[in-house]
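Dropping the structure in here first, questions after.
When the chains are written out, they are named A, B, C and D in that same order, and each has its own residue count from 1.
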Amino acid sequence: MGKIIIQRLVISILVMLAASFLSYFFLYMAPGDPAVSIIKSQTGREPTQAEIEIFRENRNLNIPLLDNITIWFGMLSKGDLGISVRTGEPVLHEFKDRFGATFLLAVISLVLAVLIAFPLGVLAATRPGSVVDHVTRVIGLGILSIPEFWLGLMLMVLFSLTLKWLPSFGYGTIYHFILPTVTLSTGMSALLMRLMRASMLEVLNLDYIKMARSKGLNRPLIIWKHAFRNALIPVITIIGTQFGHLLAGTIIIETVFSWPGIGKYLVDSIYARDYPVIQGFVFIIAAMFVVINLLVDLSYAYLDPRIRFEQGRN
Amino acid sequence: MESVLKIKDLSVNFNSKDGIVKAANNLNLTIYSGEILGLIGETGSGKTVLGQAIIKILPQTARVTGEIWYGNRNILALGEEEMNKIRGKEIALIFQNPSSSLNPSLKIGEQIAETVQKHQGLNKKEAWEKAEAILSQVGMPPRFAHYYPHQYSGGMRQRAMVAICLACQPLFYIADEPTRGLDVTVQNQIAGLLNSIIKNGKGQRSMLLITHDISVAAALTDSMAIMYAGEIVEYGPTREVFKNPLHPYSKGLLNSHPAKGLKPIKGFSPSLINLPEGCKFFSRCSRAEKDCQKEVPMFGRKGGKHIVRCFYA
Amino acid sequence: MSKKIFPKNRLLIFGLFLLTLLIMVSLLASYVAPFDPNYVEVENRLNRPGGKNILGTDGYGRDIFSRIVFGARFSLSLAVLVVLINLCIGVFIGTASGFFGGAVDELTMRLVDILLAFPNIIFALLVIGILGPSIPNLVFALVALGWTNYARITRGLVLSLKEQDFIISIKAIGGGDFYIITRHVIPSIIPFLVVLATLNMGHMIMSIAALSFLGLGVQIPTPEWGSMLSEGKQFIFTHPHVIISPGLAIIIAVFAFNLLGDGLRDVLDPRTKEIIKT
Amino acid sequence: MTFKFFHKGAALVLLCLMLFVMISGCGSNASDPKKVGEKAYPSDQKEQVLRLGAARDFKSAAQGRNMVFEYLVSVDHEGNPVPMLAELWEIPGDSKTYVFKIREGVTFHNGTEFDASLAKFALEYNANNSVWGKYLDKIETVDGNTVKVYLKDYYPLFLQDLAKNLVVSPDAVDPKGDPSGKLAEYIGTGPFKLVSYHKDRDAELVRNDNYWGKKSEINRVIWKTIPDPHAQIVALKAGDVDMIGITEHHSSVPYVEVPAMEDAGINVDKTSYGRYQVLEFNTLREPFNDRKVRMAFNYAIDKEKMVRELFHGLTEPAYTITAPWFKYGPSKVNSKYFHYDLNKAKSLLTEAGWSMNSSGKLEKEGKPLEVELLIPAGEANADAVAIFVQSELKKIGVELKLLTLESGAAWDRSKQGEYEMFVHHSFCLPWVPGGIDIGGKYHSGSTSWPAAYHSPELDRLIEEAWLTPDESKRKELINKVWDILHYEAPCIPLYDIVKVSAYRESITGFKPAPTMFDMDFSEIKIN
């Protein structure tokens, strides 16, 4: 296991470096001058050539590509992600200031989705072919067909505009969380429910479940202690690999609900060609992805003793 | 002798995509206390289904008719809750293939202890102590209770399986191919273990041993039932059946044993979906006559308890 | 067989029906649509549904129903294009990788691992955000990462096929690699690919709509469902009908593909269930 | 069994670590936005709290900065320099030396008194980031409240440039007192002090009771960041904010929402800052190298209808290149030059050699009249305008193709002259309107607009105006510039992008600020 983790870490670091290098390269090659777009966004007009020159000089935009990359890696080794061209603030600050909101939104939605999806998936799997199974299947497929951003807009129209029950935007009180998290967790729970059902069905047909029945254990114990735990393993793997999907969903939902998270900031930075921010964000997102996958691996090992021990022996 | 389990006219059908699978047809069988009854047959003859029907863990798609009398209770008429008081406590099923029948994510000790906890009302700690005791009873160090199934060898897993079944000291055991897939030396150890469980039961314990392995059956069982295509074709005390197999299938089966020179029965056993009318062995039988094809032969008594389902035996 | 499938797979049949309807509508768009989807009549803007505009008009007085009908043609063909490109690249790389193994396999699978680690919408956002919104850029953004899943699954299938007796025996009697791949390997994995591609279609329609919604999709005034939502978003509180019907169109199309894929998975091959989970 | 320990332990430790890092990372700002929201309700009658719904983060909006900071010199609505922290100024002799008299009794928010030395610091600080810095020779303090600035060359925009230079305290920059440092703290002289700030969420300001000018009735201003304009409107209707739109230089309030807002009892105020949206022609290429075609396109678009139907009549159609009322605006040209006239458009095109073919499209020598309109992504209202113009041009047989490019890529195209038509908006205050700036669009030296209309005569007039310090002479020259430009029709002015501010009925005394980058709270009251 230790070896595997080290192996994974090495690959992950390579992935992260490759990702940020690629994003940087893309930006560098792309048309458009960050100085122009940033001054334009701040002043709402075209800058003069003189203004552009001053801005470029002050924000270190005149450094050639290769020099810039070596500088960046040098800073990276010191844990410095550079300074945003647009705001002049350290990228790490910009990220930290916004990540909390995104993290809360994603985690609450995921927890909500898990709380809905797992019991429903188990219920459907334990009654295959029943009305419950059919209804959850059709509803699940239906929900998976709804674009998240559209659902968000519709919920906004219904609950904010028509019923006036909930705030439509912003961040702060618990009420602000309801619409975005419900929007995000709806699709997620449909997906997780389907996965849970399939995985559970598979496990329920295995011999050790029959064995558990033959021991006279009652149904809830068999389902939750014997089947659920084992059915969880593939589902958790998929949650891990779906993390990117979750993050992407969060970004779109953030723009719909004006959520002060990293998603909207990233989109704005892409438009403004704020190299250090994009580079740093891509690096951090890739790093998070890696950590999440590592956590998934660890939880996997925790749930499935076979992996824990067999790999431990290597 | 007192009978422990009486199976009367038991039929098991499954609905499948391709039609109705008749896994067992009008089975009648009695198991007496203190005895080991061998149920012998080829793979796919319905042996395992019979074992699982007794403890009622067949899939929901199975349709079971007939009666299974356990003492004065008809198991097939019992509700799930009552059944759970019998399973593991009074009747235990030793599964074939322990590597897939043990829960990979639970320690062996837990898998033993949970049965004890359920049936004997012990707390967790007491149940674990008991689990360790039972493990040593089946010849394994108690600390193995803290190991997971994948850390065991094949023979150890089978022992663990026996230990789980032994946990509540039930009186009736169903052992489903307990020696399958094991080395010969380990097979002997497991067979010895099973034998000792019954023989140490002071005549109270009995076992239904489901196997296709003739030598295990010869060594362990008191009486034998030979099954073919969902039906029992011959039944009798082990020694008599071995000495004088009556049914053509039994003869073939016993002759196909390596010790007797490996003479396989020609042809294949019929699919359980499209069973022929009349004698199921007809197509492979060297002695078959026209009427065998029309009518299922009834059991004929051939001295003592030895009975056979064949017109010409 | 078919008699037994039919009642069990009403959902599949329903999905097939919806899809046929969609394809018919998009093929016959110019006959189905009552108006030119790009005909601007600002005096008639934001009409509520009913009257001569069944689903009302949008912010420029264009007929929403006609735009949805033409949008079907556009959204479907774009999704089909992306899925097909992904499928071809993925199957090619996956087959080569699984069949020949070795360093090539090792290398491509590492690459696939790396690319799979990238959230695809974020990648598309980056690419289109930088290169600008256009159909080639959109296709590029969705293909750059989209083929990986096909490659991974194809490789897995090919690996298990390679070990099967019939392939080994064809190899033993001297069947060439090309022959084996085109005549035996590819045909045996087609059912899996069909299911995967069908389910992927729904996903692509949604991705394209999402990118268009963020203003990173097709050029105006192309009638595309996602950009209809993007354009209509400003009327959400005053004239919600402008965004309700295009959203429903997306749902119907994606639902049709999801039903079809889900049903096909049950019907085609029991193993597809284990291999394609989502 | 060490492995077992390793796994459970490691998993747990890692998980805790992750959670800790994540939560501590967001802890700094997740803690108290609620507090701000609660305070926002004016429970105390005496305290006047104004809650603004803003599209941008407080610190990244000029309007936010201008609540805290002031300038030495400001500009009025038309672009004339007016005194602010410099009470008056003199330009003795050569027009290269400026003497500023610093206002007395002004203190920074941290209590330090503003004087000539601090004014010198502020000028030095700004010289690093401004174009006038390149012309700077030296800065001297003459006495406690007089500063003298020597420029190396004549630079006509110096005073206008100062109107965007924040007067910051030496304590506000990091490192402290370093003119080349960067702004770290909001210590200014303005009417409000910043007390709390959460990035992308909110900021809270209290009135500066030591303010030198007219003090506002408002005790406290809450700046809430709500990027989505529709969300802003909902918040305004729901009473979560009191005012929207005022914090943006562009109109962020969608015109389409205005009637519904007015129905809901919300006051809507529109202010023109002379910013016009225009369609620029590439005058170097067919067909727009022909003045008649450019004029025909101008005549072909019914701007009245566009403004009425698309913008609910909130804005005014534009018939000059920029607002005539600017200091250097085209006030003397015939503003009715390009009114909608389909027949005139058609006959001009015929004169230019374009004739209608059988399928109702214009063509010349077999080539159809097809042009492409380039739209930089994100240009406000550009999609609506483009679709409208497309349908208008179709009526005279012109096929307009639309191409949206990411804005950086679009501007690159403009720099290379790779476009046929281009939608953008004009300069505005406090910058001098287009034409006079040497880098501006209609001088041939323009790097951004090599394909805009240029001529040697125009270049000469622009350069002369630039170098003429005498105001009346300069205005005369500029009027000639505008005459040429309006004759040549180098673009299609579309409409005036008015800034829409909307506020709850309880608010009185709203007054538009002189520039779109400022806010005027001096008369506002909450009832």
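We take it that a contact is a pair of C-beta atoms (placed from the backbone, for glycine too) under 8 Å apart; a residue touches a chain by one contact, two chains touch by 3 or more.
Because the structure is predicted, anything quoted here is derived from the model rather than measured.
Enquirer: Which chain would you call central, comparing Cα centres to the global Cα centre?
Expert: A
Enquirer: What pair of chains has the most C-beta pairs in contact?
Expert: Among the chain pairs, A-D has the highest number of C-beta contacts.
Enquirer: How many Å are there between the centre of subunit C and the centre of subunit D, using C-alpha atoms for each centre?
Expert: 42
Enquirer: Please compute the C-alpha centroid of subunit B, do the same for subunit D, then give the distance between them in whole Å.
Expert: 87
Enquirer: Rounded to a whole Å, what is the gap between the Cα centroids of subunit A and subunit C?
Expert: 22
Enquirer: Roughly how many whole angstrom separate the Cα centroids of subunit A and subunit B?
Expert: 52
Enquirer: At least two other chains touched by the same residue of subunit D: list those residues.
Expert: Where subunit D meets two or more other chains at a single residue, that happens at 230, 234, 377-378, 406, 409.
Enquirer: Which subunit B residues sit where two or more other chains touch them?
Expert: Residues of subunit B never touch two or more of the other chains.
Enquirer: Two-or-more-chain contact residues of subunit A, please, as numbers and ranges.
Expert: Residues 30-31, 161, 255, 271, 273, 309 of subunit A touch two or more partner chains.
Enquirer: Draw the chains as dots and join the ones that touch; what shape do you get: line, ring, star, complete or other?
Expert: Contact map by chain: other.
Enquirer: Give the pairs of chains that touch; include all such pairs.
Expert: A-B, A-C, A-D, C-D
Enquirer: Quick check: in the complex, which residue numbers of subunit A touch subunit D?
Expert: Contact set of subunit A toward subunit D: 1-2, 30-34, 36-37, 40, 42-46, 48-51, 54-55, 58, 86-88, 94, 96-101, 103-104, 160-161, 164, 167-173, 255-258, 260, 264-265, 271, 273, 291, 294-295, 298-299, 301-302, 308-309, 312.
Enquirer: Can you name the residues of subunit B that touch subunit A in the complex?
Expert: The contact residues of subunit B facing subunit A are 52, 55, 57, 80-81, 83-89, 92-93, 95, 97, 100-106, 114-115, 118-119, 148, 150-151, 164.
Enquirer: Where on subunit D is subunit C touching in the complex?
Expert: Result: residues 229-230, 233-234, 254, 256-257, 260, 305-306, 309-310, 375, 377-378, 383-384, 386-388, 390-391, 402-406, 409-410 of subunit D touch subunit C.
Enquirer: Contact residues on subunit A for subunit C in the complex?
Expert: 11, 14-15, 18-19, 23, 26-27, 30-31, 137-138, 141-142, 144-150, 153-154, 156-157, 161, 191, 194-195, 198, 202, 234, 238, 241, 243-245, 247-249, 251-252, 255, 266-267, 270-271, 273, 278, 282, 285-286, 289-290, 293
Enquirer: How about subunit C: which of its residues touch subunit A in the complex?
Expert: 11, 110, 113-114, 116-122, 125-127, 129-132, 202, 206, 209-210, 213-214, 229, 233, 236-237, 240, 243-244, 247, 250-252, 254-255, 258-259, 262, 273-274, 277-278
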